[in-house]
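Look for chain A in each of the two complexes below; its partner is chain B in the first and chain C in the second.
Now for the complex of A and B:
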């Protein structure tokens, strides 16, 4: 240090000065990398590690190799874990049906994208379900769905439909009931994304299209929607992530029941490892790893398409 | 009852003398005592705070730090609380529910306390506190289970408290004919179905069989287990239970009984407070012991015990043990279980029972008419994983009794994996 500070010849600059351009970005990235490594990468690695053990979360871990995965997938002379199967298919249902929030959000946004007296109030009312806690939304819907007394049951009762056990008490309808509850705030979220997107739509292009005689659906599909592509992409990402994270609604509305028919992978993982009766950290970790790979598929796709966009922009 | 009162007054006097004597003995405790409690509901919370204040008054040099955690949250938080920098004393439950913490060495072995003379008065729960031939905690309260029923409805229909299964079914038929349901139940959180299984199974096959099943020694597909479900099914096929019970919590199922749409509820004594709050008077509400199904087996009763434990990482085990002695003493148990405190039963045989008809009847039942044994409840007698899979199966059975074969096969699968 002392030599470096006393030697002030212009030709021989300090080591940092010489490598400034290469190093500075890393210095700025360092805090983020550090936190990302400690709070994201390490836990993922630990989950993988735990998934190869039998562990009650308290005592010593015992190495069991791939036994947890064999039990999940039913490799060998055992049946595939039925709870896992149900959870997996429920996850798929969530993924597809949750995407309905995107077109629904788009149409509400188009509807609200006009200058009427008090439009701000209407917008904020539509946005309201996204602001209130998911737990509250879940509770409200579970009262709405109550058998006999609930509003839903009385409305469908007018058409002579009677769902035995109520929407949430019937294993065939419970998952759909929860997804419908989840769609309410998710639609509001997509709506707000599209509302901001619509502000960026180029009025000149709309004008030009109008001169060319485009209107109605054609205008929407060929002129507006392509310009909303960035908003659609974000709406798609948050909806997929939201569907895979669907935990609070299930915990509040059915607690995984009736008879485990509304579990999804994240809820099953929680139940196995962290809930009141869950002392199977290894098995829970194995479920988490499977969920991780499902998510990884989407994440890779998102990253790839963002990368493509960046490349196109250059 | 009266004799219990008398002895307990004597015990109270003796204990207060003993307490002053203890201080005089130079039994002085100092330092910190950290207690984490799950008694978070208003009445239990006041009890816990009172306990700490009284104990602190006895040991003025001791600095007691009390943390009260939400009762439901504690069921999952206890793991973290015990593994790093644990408090000295914690609340938990008896029987198999303490096994994970005993196996992991997180609860301290307090067999030496149990060897003391005063602990003879707690002998009735010693079994429930014993694992691996040692004792791991002390009981502070318990409560009976049984059938709480609408006395006015029974009188209106001219029904008597049933003592046999045939009478139970005949009563139920009469109630159904009057346009009501026999039993209310809310099985959304599963455990209420566990109560029904405990009773029907122990009445059908006896206490020993029930406990053997709980410890994984008997197959779920055994014919005797099937007999239990066949008995249960008789009620289900009659339409005895309220509809859509899988969507209700136990509290949400209360209005059916309060409004007179259902006549009875198989529940723990803690429900009495809720019934009274709902507006039922003691003239409308009464209690009977679950009737005999198989006359060859003795009565076994669900009476879950709540407990205190010394942790193995306790910084001040001396003070912790003294606190355990304190909460198990006869006068303290009398005080904390009285009607204006917990409103439950004291475990100490020298304590007195509060003058409440349900407590008196429950105590009478447990002390004279539970010769088969005391069960801790489905989710405490069965191991954690078996309990959660089991209760889910029981709920499914109550809604779709035709799925029984599939349910039993699933439970058997689980049993073989857990107890292999």
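Now for the complex of A and C:
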């Protein structure tokens, strides 16, 4: 059954000793797999199961088939759930705008990639926003956006712009205001990835390109960016995951409002399952399943990329 | 080096760069500086509309005193600590073992299990929410620190295993083979050969997980309620409703809540960045 048992060991060395190499990894894996299976793998399956039920979280589950999904997507003679629709489009906005963190992070990294006195401290301080909890960042930004008294309102006021109700009080601007707050720590994260990447850029290639007359944007695009590919990949992964996990900011800054305009799927799911509107766990689970499938597309892509790397390494 | 080192450029450029650095930093950290400023202002400044000007009197001791002595903040901070430290120990221990198994041994399903840990690490929290909450309630651990810790350990094991396994892969394998030839038991190889070499990875993960868990908000709201078990991220909302529109106190509270991971970051900066940027360089 194993590679180790092909050795001709003396019979008196017990069964464990003979199969040590085959058994040890499983013993070492056991606790981690157990925890992960109970708290991560099984719950995914259970959520699928619950999404076919009507359930208040306490009593009996009632099988409703695909009714939850029909209500979400408006299949049959009903309209698509408007809250779901808004949440979905907000998720798309988050995904695209959040990706701005990658070029912005690269830009700041290029700006800071020098060796002047005290640059290490500058780099740390630029990275600072990422270390603070999103709840605190959200609070800070909601004060920054306060109508009339907030710094943002006063600054744009200088240009004669007046956002009625303040950034977060206006349904047209609220989501963008929250995304801007989210971009702040995310840019810091991408910056640190690129600073590490820039450190490893091959100086000989840069010199060679310089001799060939490459400089500025051309140098950046054709020589530097290709070498930063691993950093870009990780920046992409963490930014996508971050965009789809955007819950804290919304809960803290607007709680989904005004008029439900800042909901995203993760927030809407939470609201349906655990809020004053009642515990509609089945419907919530159905929303979670939709979100899961959106994420799954990216997960498959991430794993496929990593698999290519693994194959290349051996 | 790219961009061109500033030393190789004109004197004017150099001075310009040096002068612009602090300006850029202040602009970048403006929101934080504003909160720091808020937290030392007296209440009256906000009533008078003096939001962004200099404080009319220095009230830091007063404001921070209120946070520590007239609110549930100390309790929340303690809860955060009691949640974070066991999670760090648990997740690092589980993943060191799992990483060892996946990094050192070749067996059927190795890559599959590894990918399961990675994939699980990326799933949206919401797909886990209802069943995990249900499980925690039925174990009698709803609104307890234990319930939160168990879940955090399990979830963080995914990311930590990815990290540990890749770190162990990069260790010199002949070392392990040599130990085997000597007839050393496998678990002893783990304990005496591999673990000592993993110290940088253990340190990096410990600081990262500390920060992630300290800053967690979603699971705190889903699995706990009230000051008996809630961590400071969730507690700050209760704190804010206690001091509604008292910006000086809310700011002081936010700074207190944010401080431990910040301190951790500045103390363990090298490990922290090594952990975050794992894989950013091939």
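As a working rule, the second predicted complex is superposed on the first by the 269 of 314 C-alpha atoms of A that agree within 3 Å, B and C clash if a C-alpha of one lies under 4 Å from a C-alpha of the other, contacts with A are read in each partner's own complex, and residues count from 1 in each chain.
Here is the rule we use: a contact is a pair of C-beta atoms (placed from the backbone, for glycine too) under 8 Å apart; a residue touches a chain by one contact, two chains touch by 3 or more.
This is a predicted model, so every value here is computed, not measured.
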First (chain B), second (chain C), both or neither touched by A:132
second
Which superposed partner A:255 touches (first chain B, second chain C, both, neither)
first
Subject >> First (chain B), second (chain C), both or neither touched by A:57 >> reply: both
Task: Quick one: classify A:271 as touching chain B (first), chain C (second), both or neither.
output: first
- In the superposed arrangement, does A:169 touch chain B (first), chain C (second), both or neither? first
(request) Tell me which partner A:26 touches in the superposition: chain B (first), chain C (second), both or neither. (result) second
The chain contacting more residues of chain A, comparing chain B with chain C, is C
Chain A residues contacting chain B in one complex and chain C in the other 57, 146, 274
Chain B partner, complex, touching residues on chain A are 56-59, 71, 79, 82, 146-148, 164-166, 168-169, 254-255, 257-260, 271, 274-280
Seen from chain C, its contact residues with chain A in the complex are 1-3, 5-7, 14, 17-18, 21, 24-25, 28-32, 34-35, 38, 49, 51-52, 94-95, 97-98, 100-102, 104-107, 110-111, 113, 115-120, 122-135, 150-151, 153-155, 157-158, 161, 185-187, 190, 211, 214-215, 217-218, 221-222, 233, 236-237, 240, 247, 250-251, 254, 257-258, 261-262, 264-266, 269, 273, 276-277, 279-282
In their shared complex, chain C is touched by residues of chain A numbered 3, 20-22, 24-26, 28-29, 31-33, 35-36, 38-44, 46-47, 50, 57, 110-111, 113-116, 119, 122, 124-129, 131-137, 139-141, 143-144, 146, 149-151, 154, 184, 189, 192-194, 196-201, 203, 206, 219-220, 223-224, 230-231, 233-234, 237, 241, 244-245, 247-248, 251-252, 265-266, 269-270, 273-274, 281, 284-285, 287-289, 291-292, 295, 298-299, 302-303, 306-307, 310
The residues of chain B that touch chain A in their complex are 75-76, 79, 82-83, 100-101, 103-106, 188-190, 243-244, 246-247, 379, 384-385, 387-388, 392-393, 395-396, 399, 410, 413, 417
